[in-house]
Amino acid sequence: MKRIGILGCGRIGQVHAASVAASRRAQLAVVFDPFEAAGRPVGEAYGAVWTPDVDDVLNDDSIDAVIIASPTPTHIELMTRAVRNGKAVLCEKPIDLDLALVDACRDDLGELTDRVMLGFNRRFDPSFADVRARVSSGDIGDLEQLTIISRDPAAPPRQYVETSGGLFRDMMIHDFDMARFFLGDVAEVTALGANLISPEIADAGDIDGAVVSLRGVNGQLATITNSRRCAYGYDQRVEAFGELGMLEARNQHPTSVRLSTASTTESAPPIHHFFLDRYTPAYRAEFEAFLDCLETGTKPSPGFEDGRAALALADAAAESLRTGQTVRIG
Amino acid sequence: MKRIGILGCGRIGQVHAASVAASRRAQLAVVFDPFEAAGRPVGEAYGAVWTPDVDDVLNDDSIDAVIIASPTPTHIELMTRAVRNGKAVLCEKPIDLDLALVDACRDDLGELTDRVMLGFNRRFDPSFADVRARVSSGDIGDLEQLTIISRDPAAPPRQYVETSGGLFRDMMIHDFDMARFFLGDVAEVTALGANLISPEIADAGDIDGAVVSLRGVNGQLATITNSRRCAYGYDQRVEAFGELGMLEARNQHPTSVRLSTASTTESAPPIHHFFLDRYTPAYRAEFEAFLDCLETGTKPSPGFEDGRAALALADAAAESLRTGQTVRIG
Amino acid sequence: MKRIGILGCGRIGQVHAASVAASRRAQLAVVFDPFEAAGRPVGEAYGAVWTPDVDDVLNDDSIDAVIIASPTPTHIELMTRAVRNGKAVLCEKPIDLDLALVDACRDDLGELTDRVMLGFNRRFDPSFADVRARVSSGDIGDLEQLTIISRDPAAPPRQYVETSGGLFRDMMIHDFDMARFFLGDVAEVTALGANLISPEIADAGDIDGAVVSLRGVNGQLATITNSRRCAYGYDQRVEAFGELGMLEARNQHPTSVRLSTASTTESAPPIHHFFLDRYTPAYRAEFEAFLDCLETGTKPSPGFEDGRAALALADAAAESLRTGQTVRIG
Amino acid sequence: MKRIGILGCGRIGQVHAASVAASRRAQLAVVFDPFEAAGRPVGEAYGAVWTPDVDDVLNDDSIDAVIIASPTPTHIELMTRAVRNGKAVLCEKPIDLDLALVDACRDDLGELTDRVMLGFNRRFDPSFADVRARVSSGDIGDLEQLTIISRDPAAPPRQYVETSGGLFRDMMIHDFDMARFFLGDVAEVTALGANLISPEIADAGDIDGAVVSLRGVNGQLATITNSRRCAYGYDQRVEAFGELGMLEARNQHPTSVRLSTASTTESAPPIHHFFLDRYTPAYRAEFEAFLDCLETGTKPSPGFEDGRAALALADAAAESLRTGQTVRIG
């Protein structure tokens, strides 16, 4: 029974708390949040101690692993302290918004980064994971083209956009990781952005829609399409095309009900509204994979380098957007 | 180039005229209809002679085959004269509404019935035909259960109902033939009827919805569900279930467009509205199959006996409805 | 926090134990099973006491409710003792295989039957429940026809069949309840059965496939199709057809992945294999509905009378199968 | 009854001949092809004269319109002579592979280009046309993103590639026109190409797969994905995403049959194999639209300028591929 601490009790911290509670191999021992109103209810809901002092978690030798769900600027410091104190780490993306700081952390930690798993939850979505596994098994022969469509239901508020690092680092970073999940390393990035949805986002200097083209190091092509707003829910699709065929992970609906009337036929209900509905099984599977690594001592995947690589792609996309040129990756 | 005459230029006669015109192996030579307003335009549209005298067709030795699309009570007489005059016949269903008259015709014509094809067009629907062929190839192993759902878009007027022979003989007869297409001969029939749609139909002494259960001579079970009215179009589906799986022929839409909005996702357009849209390819394939028989001299299928058998099932269903008992055939 | 006892720790008892454990409003206090090998692991998995003595549960005033998941012949006695001791009861179907015993129990318990909920879990399947709710809201106008298809993945062993009460009482009873969920009371039943799958089942005097037609008291028609074996998984579908349209609850797949190759396109994975996969959310929702009744003191639905009515329909189907006649109810 | 001449009796000329024959408003009067083996059978099949001398068509005042289906290098000359001789023209794409020649033709013909319709048949596909019409009606609000996927079943032979102008001018030109159909004029083009399929194509200096990103003049984003080979058939899809939702035109199957077995469920047959199957209705509708223009004297759409604009986009994509830079149009 692994003893887990959660650092940060916001929305995503609560998602992880539920995953820990649902596991038969772990118990939620302690949750940290500087604000009692945020931390205490989470602790109580899952029978864990709440503390406003992060040292209570990081210095507690009985804690096997921590899940970092605090604001992005704190990730590197907490990660560093946790792995130095012998704990495994499941860290929410991104490691940091500044690639230079990520690289400095990499230099600082050296092999200790092998104890860090990055929270790219979509790799653990049963449908995406199945597509990936079947591509690996050769079900569609060599992979040649990848199409990723990812749209959030509603644009975030301006204040979120101002600190999020922008669409590429905050939203599309998941899709960059998904592209790397399929393609391996990426050689080229080309980005187009748009401001069609939210004047507030434009005012904050960010885009609200984008299409990015990628070439993998083995020559495969990929496109990523993002939108900050989607009327019919949380549009999350991946298509892998290869020599022998295609595998699609389609959107998912809360029920299998279809309606036919004089004006519509086989009409499905709206798809899952957002990541809490769509990716609950993914978060659970992610945490179980993290536990597997803890129990067997193997290096987690996706790991620190995957977190770094997705951020580097976001930076490259931003550069391509600025220059109108395809950016080649180092 | 086979020379074809059409007897009766109503709605179904016009469907056949279009099939003849579309074929490269036949030409529409003559159309008969007692009413000039009905017959002349059909003749003109397809470059054929119109005549109000059926003898002009039946006595014309240059005519290879006739398609009987006249009112049901005339079928037996026209069929009899045509085959006696050496012509092949494609006769619309039913042969007659009275099984005794059908049997008398059978006795009268003897082997000449081998020149008659019955117009059970649905056997030639590409989807139904494909399901049937794949069942025969063993794709789902031995057939065990069959589910037929067949709903017309709108109830016919009372005067049609009064002379049509009723739902079983007029509408479900197609489904009885479809059941026989899959099951072979039928051993047992059980019927339930309903009057939920049209008081006019009830007044005319008929039902407007029904479910009928069948057992084939080899023990397979089948259900047929009919409704005289269907809000979303012409509902025409068949499911064949067997030891190794299931084959479905689903409804068909005029386009492949799907709409997703805040209130609906993957919404398809209404299905084809009625048989003229849905079964155009079936009527063409039916006529081509008829031409195959003409050219090769083989006996057409479905033939006279299939027409008789479907009518016998309709009679059995009517008896079951009246008595509340399962009726055993043959 | 309601304290729950489970009586019987077999497969279905374990399903209920998981539902209790997943609820935030209940705790699993005690589990009864005469066999330590069956009961102790279930108790330990959920932190509950195991006892081989059912009196430890029934006489414990701290237990608010019991879930009866023991063999069918024990249901009436356990239910009777539990409600007399002031406990609410969630009882697995059927109440008993013998309608006379059910009626005697009804007479015996009187109003105490209002404390009993019957375990017709499918009413709580999110898709079936949604279809039912939308029919009630008038989305398809008045309901006219209902099509239920229900197929188990694999035939049970002969010894199960010998004591199960037969296909109608053991398997189709769920579909009879589903029919009543939509139609209300049923007026007529007609059954056809088949032996196409398992000689062992035939030897045991039972059928292995069936189609049953029903008429509701308001005139609607329904068909139920059952098979004891289904190659592609646990086929569980309902179609409700009404004046304004149709609502379908389709089969459900474990992922949204579709494969296209040279030989197949848009191929989905096999559907959920059996009820443990398909109906997990239904069992959870069922238990939450039971808790709602406990907390508010309202009479549970489906209740004792629903359990009785489904059994009466199974008996009627068996009679129709024997006599070849439509059986009128009540 | 418009009298039509077809110039060129290859595969695409035959497609047009069938469309003319199927129309009630036109007759195929004459077909030109320098090779008797190509031209004579087409003439005979449709009751038209064959001539090896193109002047027999262009100088025949009884011919109302010509369809240019000859090799690309002949298009400009034939088009020029035809419109100067008073004939309307339906010209297969592209006008020419050399944009300079197209511009010279434009200068030369002036307003006479208003008599030319370009053969971008996909605009007339019932599904694509319906998506376009519903976007125009506001069904999804303002259009924001467009996703076009277009894959041919099998790579063409090397000799075809050497003269076709390359993937952008030969294959993706249809998708460029489709993008313009939805976006209006295009402001920016960025291209990535790949050689993953056919060494022969690489040897010929062309790519065999590509993803191209576009920005419309109103700011909308689009991606086009092409592959020269697709195992499951002729993959032809368009998705239009807007403020209020999404409209998809999905692939189309020859039947509505779905197979479920132990290894697959709801498996559809391969999609239409190539454009002759998929786009037959589109070619017919295109010709009818051409006839509408002939009869009403209106300017055809898509017209000469649309043919020029699609070619300009192909050139821009080729430049982007060469330079690695986004190319701005106009």
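As written, the chains take the letters A, B, C and D, and residue 1 is the first residue of each chain.
Heads up, the rule we're going with is that contacts are C-beta pairs under 8 Å (C-beta built on N, C-alpha and C of every residue); 3 or more make two chains touch, one makes a residue touch a chain.
Since we're looking at a predicted model, the values are computed, not measured.
Trainee: The A-D interface: which of B-C, A-C or A-B repeats it, judged by over half of the contact pairs being the same residue numbers?
Mentor: Comparing residue numbers across B-C, A-C or A-B, the repeat of A-D turns out to be B-C.
Trainee: Which chain is most remote from subunit C in terms of Cα centres?
Mentor: If we average the C-alpha coordinates per chain, D ends up farthest from subunit C.
Trainee: Distance-wise, how many Å sit between the C-alpha centres of subunit C and subunit D, to the nearest whole number?
Mentor: Roughly 57 Å, centre to centre.
Trainee: If you average the CA atoms of subunit B and of subunit C, how many Å lie between those two points?
Mentor: Chain centroid spacing, subunit B to subunit C, equals 41 Å.
Trainee: I need the residues of subunit A touching at least two other chains; which ones are they?
Mentor: 140, 231-232, 244-246, 251, 259-262, 266, 269
Trainee: Along subunit A, where are the residues that touch subunit D in the complex?
Mentor: It comes out as residues 140-142, 144-145, 147, 149, 151, 188, 190, 192, 194-197, 209-211, 213, 215, 219-223, 225, 227, 229-232, 235, 241, 243-246, 324-326.
Trainee: Can you list the residues on subunit D that touch subunit B in the complex?
Mentor: 126-127, 130-131, 134, 139-140, 244-252, 254-262, 266, 269
Trainee: Any idea which subunit A residues touch subunit B in the complex?
Mentor: Subunit A reaches subunit B through residues 231-233, 251, 253, 259-271.
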